[in-house]
Structure formats: C-alpha cells, structure tokens
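Next up: some structures, all given as structure tokens.
Next come two complexes, and both contain chain A; in the first it sits with chain B, in the second with chain C.
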Partner chain A sequence: MSYGSTIKVPFGPQHPALKEPEYFLFEVDGDIVVKVTPRIGYVHRGVEKAFEQETYLHNLYLAERICGICSHAHTTCYTQTVEGLIPLEVPPRAVYIRLIMAELERLHSHSLWVGIAAHEAGFDTLFMYLWRDREMIMDLMEEISGNRVTHAINTIGGVRRDITNEQANKIKKFMDRFEGNVKEYMKVLETEQTFLKRTKGVGILKPRDAISLCAVGPTLRASGIKSDVRADDPYLAYGEIPFNVITHDGCDVYARTIVRCEEMIESANIIRYALDHLPEGKIRVPPPRTIAPNESVGRVEAPRGELIHYARSNGTAKPERYKVRAPTLGNLASVCQTLIGAHVADIPMILAGIDPCFSCMDRMTITVKKA
Partner chain B sequence: MVLYEIVGVFIYPGMAFLFGLAFLYEWIDRKFFARVQNRIGPLYTGRSGILQPVADFIKLLSKEDIVPASCERPVFSAIPIVYATLPLIALFVIPITGSALIAFEGDVIFLMFVSALITLTVFLAGWSSAGSFSRIGGIRSALQMLSYEIPFGLALIGPAISAHSLSLTKIAQWQAANSSWFLWLQPIGFAVVLISLLAELELVPFDIPEAETEIVAGWLTEYGGRRLALFRLGKDLELVVASTLVASLYLGGAQPLFFIPPVVILILKSIIVLLLISFVRAIFARFRIDQMTSGMWTYLLPLMIVQILLVQFGIGG
Partner chain C sequence: MEDLIKRLEGYKEDIVEIKRPKERRIFVRVKADGFKKFLSRLIDDLELRHLSTITGVDLGQEMELLYHFSYKYSVEISIGVKVPKSAPKVPTITDLIPGAIFYEQEIHDLLGIEFEGHPNMGPLILPEGWPEGVYPLRKEYTVQELNRIARGGG
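Here is the complex of A and B:
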C-alpha cells in the first residue's frame, strides 16, 4: 500500500480465533505484525473479592467456576491450599482419586486444545475426530462425578465420591483405546505437510526468553526446559507414581502440539498406574469450620501450566485474602513477544499455542476515566 | 422459435435447471464433507437433508441486512448481483446437454475472462466494505488470483491444442469422437486444473481469503441477509461451473451411454469431480498466502509448461 504506514487490525474482544474475550490490537505492515497491544480484563468477575465474603466450604464451589476446562485443577489447588492452612491430612485413597480426575481433566483439556489448533489451521477433519474422542472422556467423567465439567468431586478433607471397581475397569479399557487413537493422530500431525507448514517455525520462543518472560506449562516445555510442578514440587501422589516430563526442542507451535500429544499418552499411563495401585480406606475427613491465622500457598500443574493459589486466614470461617494466579497470565508476556514478526495468518496459531484460558486469567482490570 | 429460446434460457438448460443443480451440488458437498468427518451433515429438511441449501437460501433472504456506514454504497449493493450472475454466464457456455446454450470459437478464452472477472468482483467486495478484515480478505483474493491464473489458463489450453479448437463443445465432442478422454491423455493437466479450481473456488487448502479463524469471514464479513444469499448462490453456481468444466474438458463431456441421455452422464461425471473436490477439502489444512503463491509459482507453473511441451511433441492427443 503506502510506504511505512501500518494497518491496525483489532482482534477481539469477539473473534473466531479467541474462544474467550480479550482485546489485541495488531499493527500490521503488509502481512507482518510489527506491534501488539494487549488489553485484558474483559472477563474480570471480582472473584478474589467474592472469596473474602463466604466461608471456606462455600468458596470451593466458587473456585471451581473460575474456569470450565480446568475446574478440577482449581479445586485441587484450592483444597490443597486450605488444607495447608489448617493443616489437615487427606486420606490416601482420596489423594489417588483426586489424581485420577486431574489426569482425566488433562486428557480432556489437551484433546480439546489439539482439536482447536487443527481448527485454527483450517484442518476441520482432525478437529472433529479429536472432539469425538473427547466426548468419550466427558462421558467417563460424568460417570465418576455426575458432571461433564465442574465435577465438584473435591471437598476440603478429601473427595465426595468414590470410584467403584467397574468404573475403574471401564476407565482402564478406555485408556487403551484412547492411547491408540492419540498415537494415530500424532502420526497424522507429524506427516501432514499442510499442517507442518502452518506450525513449524511459527511462534519461536527461545529458551532464554521463555524463562525470562515467565512462560509456564507446555509452552515452556516446548522450548526444551524441563519444568513441571508434578516433578519439581510433587503434590497429591505424584511423588509415588513414575512418569516422564515431556519436553521438545522445537520452540515453535509444532513443538507445543507434540508436547501436548505426548503428555496425553503419559497421562493415560499415569491413570492406569494409579488405578492399579488405588489404596483402600475412607475418602474424606471432616475439616474444622474456623481456621487459625496462617498463610499458605498451593501449586498444581493445571493442563495449561503452573497454577498458584495463596490464602491467608484470620481465625474466622472466612478467608482474609485469597489470590489466584492462572497459567495463562504467565504465558501472556511470552505470546506478545512471539507475535512480533509473524504473518497475520499465524496470529491465531500463536495465540492458540499457549492454550489461552482468559477466564482463568483475569484478576485485574484497568479503568481509564476520561476527564 | 422465440418461445424455444426463452424456455432454453430460463428453464432448461437455463436458469431454473442450473439453480436446481447448484443447490443439489451444495447438498452433495456438505453431506460428503460431513461423512468424511464422522458427522451426519444436513438431515431433517427434506429426505436426508436435500432441501437444506434451499432452506438456507430462503432463510437468508428474510434476514436483516446491515450496511456499514462507511462503505461505498453503490459498489457494495451491486457486487452481490454481479457475483451471482457471472457464474451463470459461464454456465451458458459449458455444454451441459451436449451442446451449450451459447457456443462459439473462443469460449475457452471467454471462460477464463469470466473467472478473472469473478475474482475482481471478490476484490471489490472486500474493498468496498471498508472494514480491515474485508480489505485484507479482498487483497488476499487478488493475490491468490495472481498465482493460480496462469496454470489454470494453461490447463484449459492443453485440451484445446489437442482438439484444434477453442470451443468447449468441440473439445468435448473430440473426446467422444476419438473415444479417449484427456484424463489419461494429459494427466498432469487434470491434476493442475483441479488444484487451480480449488484456489479459484476458495476451498481448503486455499480458502485463505475467507479464513474464518484469522479474519472472521474475510471479504464476506460485512454482508448479510439478501446480499449474503446472493453470494452463497454465486458460490454454489461456481461449484457447478468447476465440476462441469472439468467433466467436459477432461472427462469426455456429455456422451450418450446406451439409452441414458447425455445430460445425465455429464451430471454423473461432474458429481465425481465434485466428490473429489470435497474429499481434498476435508483432508488438508489451510495454507498461508505466501506459502500458496510461492508453491504455485514453483510447482504448478513448471508442471503445466511441461504438459504443454508434451502436447506439442505429440504425446497427449
């Protein structure tokens, strides 16, 4: 067009590439992005303030609804944080059931993501196949907990429902089938030339930048850095279960896809091991109503990365301060960095590459008062 | 005589017949695409969903049409009508019943001209809509035309050289007379014409101008209601043009088989081409615009030049 002038392309708050509302203003020179200005806060719901208004048990259901896809991760982190405040020891069978649900949730979240990545690339057929398999996982979760999302299986002091033997056998049988399907889809993803052209070399995040920009989760592991809360700071029963931390050296969107696919296979193995070694015993212990003044931090590996909850109690039945840091907030700085220099067609691939969950993320909004 | 012409233009093999064919082809495309993806596709309107394209068209006609305030109003309003009419003009030249409504020496060139006009219409649609997404979509579509236009033209010329005629009707009749189709006489040309048609129809892997996940709906973004209905009708008619063109040029055209009338044979052949196009649509991801232009100039054009050279040396009819 003209020399040196740029077009401003707004992405959002409503855009087919973003499943949740955020605003990105791209300045595009021809087909290359030269500047990104994000603006977050569109899904700010005042969750942290709401936490301070209700009792610990009531807040459990609030924590679950911070996000739909990683709801179990939020309740696991919440119960872990509050049990650290009390402090309270959870029976081993409850720990294992929490772990199995967490890995099932990782499976459903990752298969959702790979489907979305295929859809952003225009590969609708793989999107449909993956979501068909994801439906079977949702059916499993519904059988165990009664819900497809927001399972409400955690409670402070344990879990609310047990896994029967026939449910365990059903899950194991499905894991074999699902693992076979994922291996086939990986074969397609590794050899399909059109998909490779859209993802290889796109959104490069060098390892040094990944660490300095605080990337977390599969985004960090796809740059070759072995960092996983399940291995570094074992919570639940991850210290007793052998598993591999998946990394890949590609640093691009293709590496992130491969990391998530292999994590799905790894999760299937973890679930099988946990079901075989499920300890007997009760599934919950009653927690106290008021909690003495204390501070506690809980970290879990949500499907998107490291999730941190912080709680402070003051002797009453309601928390004094509760803070949630979602993994997408950590990845936001790195995504703004990787977007510069990309083609316009790569923008949805790179944005989807961090597996954005903006409803988890929004804790702060900026109001500009015009004079 | 005049009544015969009027019935020919408006009913059969003219507009009513072609609109019916357009809706039928859209249904076949959607159903096949859905089955490849392990879905069902249209199901409830009519037997097995066959009236779904008609229902969509009627529904769109009744919707509110919002016009952006800063668009160029006359161009914006006229473009959908032009876009729906141009494929119809192209269809009048293609020998669907064995002989076209309008046949003259040079209709291959006329067809290339009409397809270039269609892409120009798409560019104007994006440009006049005055939104950044539409503008980008229009620019991408013009860029796409720069890439596929020459291989497409050469792929149409290959059979014309062998048949010593620039008339589509005569090329189809040449294949019938020599009982050999250009499908196996000039296979490279067949492959190239299919790929270029995918680019012209803006289907995956070349649906870059209206990439849904990148630029909302590209050049179609600001259109709604009646104007969108006309665009969709134009797209379906383009599907008919593409499949009947390949069937006439490369698959032998409308030849009678025993007692089956030639028009049925042509429709069957073009449905095979349509299924091929739908299948390719289902199994690939979308290219980026720079990958597409470089790929077309690096691979498609040299292949087509090789094919024309082969024809000149007598191999291929």
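Here is the complex of A and C:
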C-alpha cells in the first residue's frame, strides 16, 4: 500500500546490517524503497594518490592491501598492468601458480559470501559449515604463500614461491572433499524453505538493466549474461584450461547464490587441471627498475567481478598515474536500481547480494580523519 | 581485432591516434570537438554496452579522460579525450550509458571535471566539510598538503 508521502531513512555508515562503513539514504513509501542515494568514501585511504608517490615494487605491496579478501586479484591485476607497461614476459610456471592462487582465493571468497548470505537469511548453521571449509582453504593458501590473507606471492616478473609436489597433492585431495561439501550445501540451499523465502524473487535485476548499468561478475551472470573476464579476455593461463562460465536466469539473490556455488565447483576443477598441467621451469624473471613512458590496462575476473587497473609510466621508477576500479563500484549503480521497489526488510539481503567489498570500492583519496 | 581497427579507422576525421599495444587492448585518442556526437555514433555502431570505468589524468595544462569500454566484454577500447584545465567541462554520457553515473561523479570529486547534464554532481567520495575547489588527484596537491586539509586545516 502507498502512504502518499515518503520519509527518508539514513542507513549507515555505522549500521548493524553493514559489515563495513558506507552510507545509503533511502526514501521509503511505507515499507517500499522508492529512491536510493549512496554516499561512499568512509574507508578511503588515498590509494591512487599514494601509488604516484612510490616505486613500482613498493606499489605491489600497496595493491595487495586494497582489499582484505581478494588481495591476490589486485596484485594479479597490478602485475599484469605493470608487466604490460614494460613489457615483460612471465615464465609459464609462475603463470600457473598465480592462477592456482587466484582460484583458491575465489573459493575462499565465494564460501565466505555464501556463508554470509545464509547468515543474512537467518540460517547460521550453514554459515558455520561454509566458514569451516573456508578456514581450510585459507590454511592451504598459507601453506603455499606463507600468509592467510595478504598472500604476497605475486611479484613483478613472476611469483615469490613455488608449489611443491607434496603441496599439490594436498590441494588436490582437499579439492575432492570440498567439491563434495559444496554439492551437499547446494542441496540444502535448493530445498531449505527459510532460505528460499528470503532469496527467491528478491532483488530482481533484469538483464537489460544489468547491461545498461554495467554490472559485473556473479551479479551480471545471475541475470543471465554470459560474461567472465577469464573467458572473454583470457589472462594468465585461462585460455588453455577448459571451464564453464556459469549463468542463471533467475535475476534474484537466489540466482546469485547458485551462480557462486556452481562457480566454486568450476574453480575446484580448474585447480585440479592446473596442478596436473603445471609446467616446469623458473618462477620469476627480474624486472627493470624504471619504465619508459607507456600506458597499460589490466583486467582480471576477481571473485566479485571484473577488476580493472590502468597505469601510465613516465620514464622514472614511479607511475605517473595509477587507476583502480574494483568490482563493487562497478555494481553500485545496479544495486541502487535493484533496491528500488524492495521491502525495507530485504535491504541487507539485496546489498549482500552483490558481495560488496567497500574497502575495495573506496580507495581513492586522502581522507585521514584523525581530527 | 583487425576488423575492429578497420571500423575505428572509418572515423578518421574525429580520431587523432589509434594504438594497439597487445591483444584485446586498443587506445584511441579523439578530438574534443564533437566528442559526444562521435561517442554516441561509435556506441551505436560497435554496440558498446559495457563501460568498465573512466580514468581522469592530470597532464599539467590539460586533463585527459579515458573511457574504458569493453567491446563484447572482451576487447578493452580506451577512448581518450583532452579538456583544458582552466575550463574542465565535458558532456555527460549517462544518457548513453547509465552505468557511467558514479564514475563521472567520482572524477568530478577528485579532479574537478564538470560533466554537463549529469543528474547529480554532488559529492560522492569526499568527506563532509571538504573545502570546495580542492581536487585531491590534481598534481598541484601534495600528500602532505592533503593530509593537512583532511585534518581540518582548510
């Protein structure tokens, strides 16, 4: 029903339903959202300006810290961009190691998200199961790279650590177990009424809107659009590895969940294939310190969707300009559209639906608010 | 790729330069005059639907905008156009690509480029109370100075 007049409801930056600080102003008519105005920037750290101050090698560590979940996606994109500036060819073994880490990261990021989706829908048991599995993936990543979160395995010209046969066997063994678990969770998600009622038909993003609002990643694929940077613009070794691009035509939060679950199974297959076909050879080549004037665009399919970096060099050891556009900013326009017409109670579920990572999205300017 | 380059070369009266550094990457520099008209023709012609992002670069006397379009989600075509720093204005493309809304707003915040016809040129990223006319990504602002401003030093 309509109340004939609307009221404005501020949401955030500190709000129990948001895991990170961001602000949305909702205009609601009764229980229905009619307008959304976002105001981002609450976790800005001035990353783009900071890139201009430091050397290419130093910036690698900065790129790693743009995001706390998909840190490897950012360094993969950073190295791709900077290696494009030089240009520099990376040894094949390093390419495969980067790819294996990227897929492990997708597994841990997607299981984190499906866990959160279950939690938002009030189904905490499943949340616990998924996060248990995620913990084991992080253990594997720690074993390979030495770190759970900021893996620091990528470097300009290759990777810093090799994967041993022992580690490879351990990963393969876990992939079999993990795949079985995901299939089990999918059975639960597809039949559990609590979850279905909170997600089916909720947060509809029509394919037409998904395209025109430039949505990316699982959000776009859950609206039936077959787009994945790994397949459309193959980087690393994705051109050599067979895998499916998962889509779903549900256009709702449920579809986004299923897409991510099926992507986990695909990722497990990619990892197994990559480990079986791991090329021999060295894992890094030394990069030059300074880079002649040039420009380069890097694109990566991060767990949340298309990630794009742009760099311009000027002949020194520091970049002239470095631009980062994280997938969450790419999905902001579409999620604002999706929220219109939704019930207030569904806001957390819909916002969670794009798998928002606000520290990725906010990266831009110097806002050191120390008072 | 070859076909795409050929189609782009058809716009030679608008285009200053075409570069192709590697597979699936194209950089196109175009004239500022009639930029919007050119872009709208190109968008229709090549069916450019996905805008990955827009980059703004401070070049000193001028500023450059790079529109990173993704042709069929595969080939990244970056279209560059320059605007004078003294009067940094460019027409909005939100009527052609609605997804450009936050990218343009962000560039307005950080580099002070006005997008004429944009539905909301208000702040998106900068904090409340940020002094007007201070654009952090412009080269004349050092990190030290921005820190001082952010702490309330005006």
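In this text, the second predicted complex is superposed on the first by the 357 of 371 C-alpha atoms of A that agree within 3 Å, B and C clash if a C-alpha of one lies under 4 Å from a C-alpha of the other, contacts with A are read in each partner's own complex, and residues count from 1 in each chain.
Everything below uses one rule, namely that contacts are C-beta pairs under 8 Å (C-beta built on N, C-alpha and C of every residue); 3 or more make two chains touch, one makes a residue touch a chain.
Here the structure is a predicted model, which means the values were calculated and not measured.
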Does chain B (first) or chain C (second) touch A:233, or do both, or does neither?
second
For A:40 in the superposed arrangement: first (chain B), second (chain C), both or neither?
second
Identify the partner contact of A:87: answer first if only chain B is touched, second if only chain C is, both if each is, neither if none is.
second
May I ask you to decide whether A:53 touches chain B, chain C, both, or neither, giving the answer as first, second, both or neither?
second
Could you tell me if A:17 is touching chain B, chain C, both of them or neither one (first, second, both, neither)?
first
Which partner does A:329 contact after superposing on A: first (chain B), second (chain C), both, neither?
second
Identify which of chain B and chain C touches the larger number of residues of chain A.
C
Residues of chain A that sit at the chain B interface in one complex and at the chain C interface in the other, please.
none
The residues of chain A that touch chain B in their complex are 7-10, 15-17, 31, 118-125, 128-129, 132, 192, 194-195, 197-198, 343-348
Provide the residue numbers of chain A that touch chain C in the complex, in ascending order.
37-41, 44, 46, 48-50, 53, 84, 87, 211-215, 227, 229, 232-233, 294-297, 299, 306, 308, 310, 312, 320-321, 323, 325, 329-330, 332-334, 362, 364-371
If you look only at chain C, which of its residues touch chain A in the complex?
21-22, 24-25, 27, 49-53, 55, 57-58, 66, 68, 70, 72-76, 78, 97-103, 106, 109-110, 120, 123-127, 136-137, 143, 146-147, 150-152
Quick check on the complex: what are the chain B residues that touch chain A?
36-39, 132-133, 135-136, 204-205, 207-208, 211-216, 282-291
